[in-house]
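Read the structure below first, then the notes.
Should a chain be cited, it is by its letter among A, B, C, D and E, assigned in written order, with residues numbered from 1 in that chain.
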Amino acid sequence: QEKSDFRVAWSIYVGWMPWGYLEESGIMDKWADKYGIDVEIVQINDYVESINQYTAGAFDGVSATNMDTLSIPSGGGVDTTALIVGDFSNGNDAVIVKGDGSLASLAGKPVNLVELSVSHYLLARALDSVGLREADLDGVINTSDADMIAAFSTDDVEAVVTWNPLVSTILEDPNATKLFDSSDIPGEIIDLMVVNTETLEANPDFGKAMVGAWYEVMGLMAAGDAEVLTAMAEASGTDLAGYKAQLASTEMFYDPVDAVSFTQSAELPSTMASVAEFLFDKGILGEGAPSADFVGVAYPDGSTTGDANNVQFRFDTTYMQMAADGAL
Amino acid sequence: MSFVTATDIFQFYGRRPILERVNVSVEEGEFISIVGASGCGKSTFLRLLLAQERPTRGEIRVADAPPAVEPGLDRGVVFQKYSVFPHMTVRENIVAGESFRSRFGWFSGAAKTKARKRADDTLARIGLDHVANQYPATLSGGMQQRLAIGQALAAKPRILLLDEPFGALDPGTRLSMHDFLTELRAETGMTVFMVTHDLEEGFKLGDRVLVFDKPRWDPTDPNAYGATITYDFDARDGGIPFQRIEEDTHVLQPA
Amino acid sequence: MSFVTATDIFQFYGRRPILERVNVSVEEGEFISIVGASGCGKSTFLRLLLAQERPTRGEIRVADAPPAVEPGLDRGVVFQKYSVFPHMTVRENIVAGESFRSRFGWFSGAAKTKARKRADDTLARIGLDHVANQYPATLSGGMQQRLAIGQALAAKPRILLLDEPFGALDPGTRLSMHDFLTELRAETGMTVFMVTHDLEEGFKLGDRVLVFDKPRWDPTDPNAYGATITYDFDARDGGIPFQRIEEDTHVLQPA
Amino acid sequence: MRLINRQPGVVLKTTLVALPFLLAFVAYSIGSEIRLAENPSDKLLPAPSTIAETAERLFTQPDRRSDRILLWHDTAASLQRLVLGVGIASALATIIGLLIGLLPHVRATLAGFVAVLSMIPPLAVLPILFIVFGLGELSKVVLIIVGILPFLIRDLSQRVLEIPRETIVKAETLGASSLVIALRVALPQLMPRLIQAVRLSLGPAWLFLIAAEAIASEQGLGYRIFLVRRFLAMDVILTYVIWITFLAFMMDLALRRLSQKLFPWTEAGL
Amino acid sequence: MRLINRQPGVVLKTTLVALPFLLAFVAYSIGSEIRLAENPSDKLLPAPSTIAETAERLFTQPDRRSDRILLWHDTAASLQRLVLGVGIASALATIIGLLIGLLPHVRATLAGFVAVLSMIPPLAVLPILFIVFGLGELSKVVLIIVGILPFLIRDLSQRVLEIPRETIVKAETLGASSLVIALRVALPQLMPRLIQAVRLSLGPAWLFLIAAEAIASEQGLGYRIFLVRRFLAMDVILTYVIWITFLAFMMDLALRRLSQKLFPWTEAGL
């Protein structure tokens, strides 16, 4: 149904920092006014909680990864559209051990990570690459991201999988060795702004305002605007240099054209299929899920993976294309 | 007709009989002392008179009205302990005797001023005017009981029930409380029931002394039977019968 | 020399005097009753005798030994309440009278068997053998106090201190406790100090009756002065002086 | 008749007891119904029947991945931590409580310190605990101990102080040493209060257990709840919450029974 | 002389009181020293001097980005939530406690339900609370209320039941209605116990506040601790922990004073 007030949630992560800046700088308001609507951008400390809240209907959109979107809102029957494909992790997520070692040496070791998160997925892919399985480890230990750094400094912990800015902090420890990171599986961990499909269909202006505002900031970032970047750096608890270092391992789509072409690429469906397989394997798609194909994902060209009769996750380049065309 | 009549009262707690077939009638203005061994049911009988509990069988009528179902304005009571409100000053305690029957238990404006005035009169009469603004906890036991009686009387009940009112007091204080109670009673002419452990006290103050005891006794199970009124003395001759009963009942047998 | 001597005892709590210049000496085997108004310091004096507290000034000596600094085996005590261990059965309470002086407070093996045997004898003597395995809470007040006295005696103290031991009992039970105590005392010939509220009881049981009272009295500040021994009666003639003192002291004045 | 004097009859009483549970159930069912009507695969308020199915599955069917019935493993892991934590805390609190309550020197030393310690919010010092005690079982047990020990010590030392001075003086006149007084007079009288105090601290103990398991763990009831939060499996969360509530309730009941059984002298009245 | 009878003198006593604080400080300093000697940039146990500097900075210097002194803002935000939560819970508990304690019908209806509710670990239902009450201020206040209300209700209704029946019967004989008994007899006697109960539940209230702020918040003491926990900024965490402890201690003290001030009749003895 049509409405004029929208709320979207975001949480602190390199590629999502623009959302905070959008709200603070008034750029979002500017774009919302242009379309005669109101958009409130709310920061949530706890990433999972923000997605849960979106799924429960408290928000119209949320910043999330492709994997969590598939498992939580889409798996929960909330038809969700990826409005903005912001970036993919290109080194921001990493498998780190204490001392020297290789992926193969992880066998028989416990690994601390946020279970069922993209870290878990990264670990699964890393193990795949050397022919190991999770069962070959001495278990994975669910560890809150808030305590990952503290955890790494205890003797119990031998290996962790986590994301930035924690990765860079942990790697400051001379004893820490990075074994594998998301640059080894480029394009598989994708950071999105997803919105409720129904809401978007009923309110195209909402999509236009969001995308317009986003790419205005992207333009500023691409130009290396120090003021903008510093604001984002401080909001994420680091300094300009630290933030730039994080951006270096993030493949930001500053230009909507890049985002569109990435979204339309042939790799995306196979990535999503492998993510779905992972989720199904972990039982995250719900015990009722008969197979990994339980939830359908639709792509810009109209093709789908998974159950075509149960499409709950849509990659839609319409709005990004408008930005690319300068039609906003 | 008598003022208070108890007819065939039985009281059980669970399956245990406490009182059995208690019958008594009392004229208006009589002072009834109740004595008996510890645990024989004196307080229970008082609770029945108060309508705090209803008897398992039988009924108690006051002035031929239907049996009361709960305590009310017509019956005043003073217990051995906890008889005044600890959170109110002495004066407030007396005012409560009048104000509690109002909608919210508060007086305000002129009613308040008047009630305080009357309370101060009462306090002067019971000799507590010098501590009107103190809290009960700062008073001696005797003063607290005097306050409790004053408070009960402020509500102008038709019957006053006293459960060992002086049980926790010094012998000296006790004697002065006897005088106090005798005076008050002469003034108001109220019907009084007083439970006491002290036979002497019972005979000194009472017009009649009711002795509660078990008429039947099962040595293997002391709780098999309840108590009833075994003696009903006329004590108006000033306590002389005291010596006479001492041998007859086992009120005074070692526990 | 006397057995117990208290010399020039002063006791202050903070700046408030409770006892002033108390002097008394007692022969071995005497039964001393202590009476006085509520709050005048009787229990305080007993605590000093017990060495639970040390006097602000003056000293108390027993058998010319240096003043004790804490309660010990030579002084037994029975309070009005809490005088037995609630978590032990009646028999264990008596055994405790002997076993507590051992390293861990426990007897085992033969010592245990013997102590239980002796405890059963004691229980038989004090008439509690039928409840040996019950806990104190299931006993009547009189039985509890009998147990407390039996326990105190099991430790064979040289002095027995009683603080209103029968204060919470029925008149009937009280009388039987008097007999019990008189008997026990005849057997052991112990020195006894007993605080009581009941003048009659004091004179009935005591060889001497000490009356504590304030010799000076400041009407504006009742706490300005402490109490001392104002009368020291010889009561061996069986309580007759009772009537004589009633007028002389203000022990019995209304509180 | 005044409301305060009106007693419900047996039938009415039973109805009244059941009423709020029923109302809560009905309210939930309706809420669930409404949401499910909108979105049949809504996970937020699963239908009671779904919860029942999930519960049955959780209680009886082994996990596909590990071939173990996870709920029982979680329960065993959590209970072990809880019992260890509460047990150690109780033992420590009893000893320290006795010392504080009985010995003036110890009281002077520790009473103020414990009062200040009890004000520190344990969740805030979690990172320190992790570093000092590692991430293993130990740290979870320690968090429980740190969480409830100050309260237990304060409560128990207070109880020791409340033991009637008369009993202690009596023991002294029977020749008891400080040790005997502690062991034979104070300790036995403290035990019923200990059970009481443990009952009171079980709530916080569960809380700290769940908090610790949420932060770093491989199994446990709190771990599972926070894990499945990742895919909003409310049917699992609710089953676990009901199960934890049931466990907590049974523990409380067991302790109450135990106290009645072990310490007849506290209950027996004339 | 037995240990239990040995009293420390005034000087010794003061020393003993200070001793454990001193020891804790020295132990920390040594630990910090050792770690810093090994790795001068160790963040875990910052030197006391570093903490002092950080504390000074936090208390006095405005944040560059927002130009506000964050610590004061965090304190204001947290205290507001805490006071609201505890205040509302107390008010509700007083009313419900009075009803349960005085009216047999309400007692039958609610006593069991509240007992079961009090067994639910609030942290486990945190996700549910967030979903039902959203992530705003409301949810934090609600978590505090949900966390402490069952305890408060149980405690206060118990206290109402403990009011000597004699006082209530006396009020009845003075013609008091149920309402008057509740307002003029039970309520005033409940107030000191309420303060007592609030003091006891302040600890859990802080806990729930910190837990709630950790998950969704933009300011607040718990929020800041969890935010900087990601970077292991122990100097900030410790400053905040000490500050929270101090606040909790002062609140406790204030409540105790308040109780003595407001209810002289509970203290005054003959």
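As a working rule, a contact is a pair of C-beta atoms (placed from the backbone, for glycine too) under 8 Å apart; a residue touches a chain by one contact, two chains touch by 3 or more.
What you see is a predicted model, and the numbers here were worked out from it, not measured in a lab.
Q: In contact with chain C and with chain E at once: which chains are those? Just list them.
A: Joint contacts, listed by label: B, D.
Q: Have a look and report which chain pair racks up the highest count of C-beta pairs in contact.
A: Looking at every pair of chains, the most contacts join D-E.
Q: Report the inter-centroid distance (CA atoms only) between chain A and chain C in whole Å.
A: Using C-alpha averages as centres, the distance is 82 Å.
Q: Calculate how many whole Å lie between the centre of chain B and the centre of chain C, each centre taken as the average of the chain's C-alpha atoms.
A: Here chain B and chain C have centroids separated by 34 Å.
Q: Would you kindly tell me how far, in whole Å, the mean C-alpha position of chain E lies from that of chain A?
A: About 38 Å, centre to centre.
Q: So, what's the distance in Å between the C-alpha centres of chain D and chain B?
A: 47
Q: Where in chain E do residues touch at least two different other chains?
A: Touching at least two other chains: 2, 44, 127, 131, 172, 177, 214, 229, 232, 270.
Q: Name the residues of chain A that each touch 2 or more other chains.
A: Expected reply: 52, 56, 146-147, 150, 153.
Q: Do you know which chain C residues sit against two or more other chains?
A: Where chain C meets two or more other chains at a single residue, that happens at 70, 140.
Q: Tell me, which pairs of chains are in touch?
A: Inter-chain contacts occur between A-D, A-E, B-C, B-D, B-E, C-D, C-E, D-E.
Q: What part of chain D is in contact with chain B in the complex they form?
A: Residues in contact with chain B: 1-2, 5, 270.
Q: Help me check something: in the complex, which residues belonging to chain B touch chain D?
A: Touch list, chain B to chain D: 39, 69-70.
Q: If you look only at chain E, which of its residues touch chain D in the complex?
A: 2-4, 6-8, 12-13, 16-17, 19-21, 24, 44, 102-105, 108-110, 112-113, 115-116, 118-125, 127-128, 131, 151, 168, 172, 177-178, 181, 203-204, 206-207, 210-211, 214, 222, 225, 229, 232, 234, 237, 240-241, 244-245, 248-249, 252
Q: Taking the touch rule as given, give the residues of chain A at its contact with chain E in the complex, in rising order.
A: 42-46, 49-50, 52-53, 56, 58, 145-150, 153, 165-166, 169, 231, 234-235, 237
Q: If we count contacts the way the header does, which residues on chain E are in touch with chain B in the complex?
A: These residues of chain E touch chain B: 164, 166-167, 169-177, 179-180, 183-185, 188-189, 263-266, 268-270.
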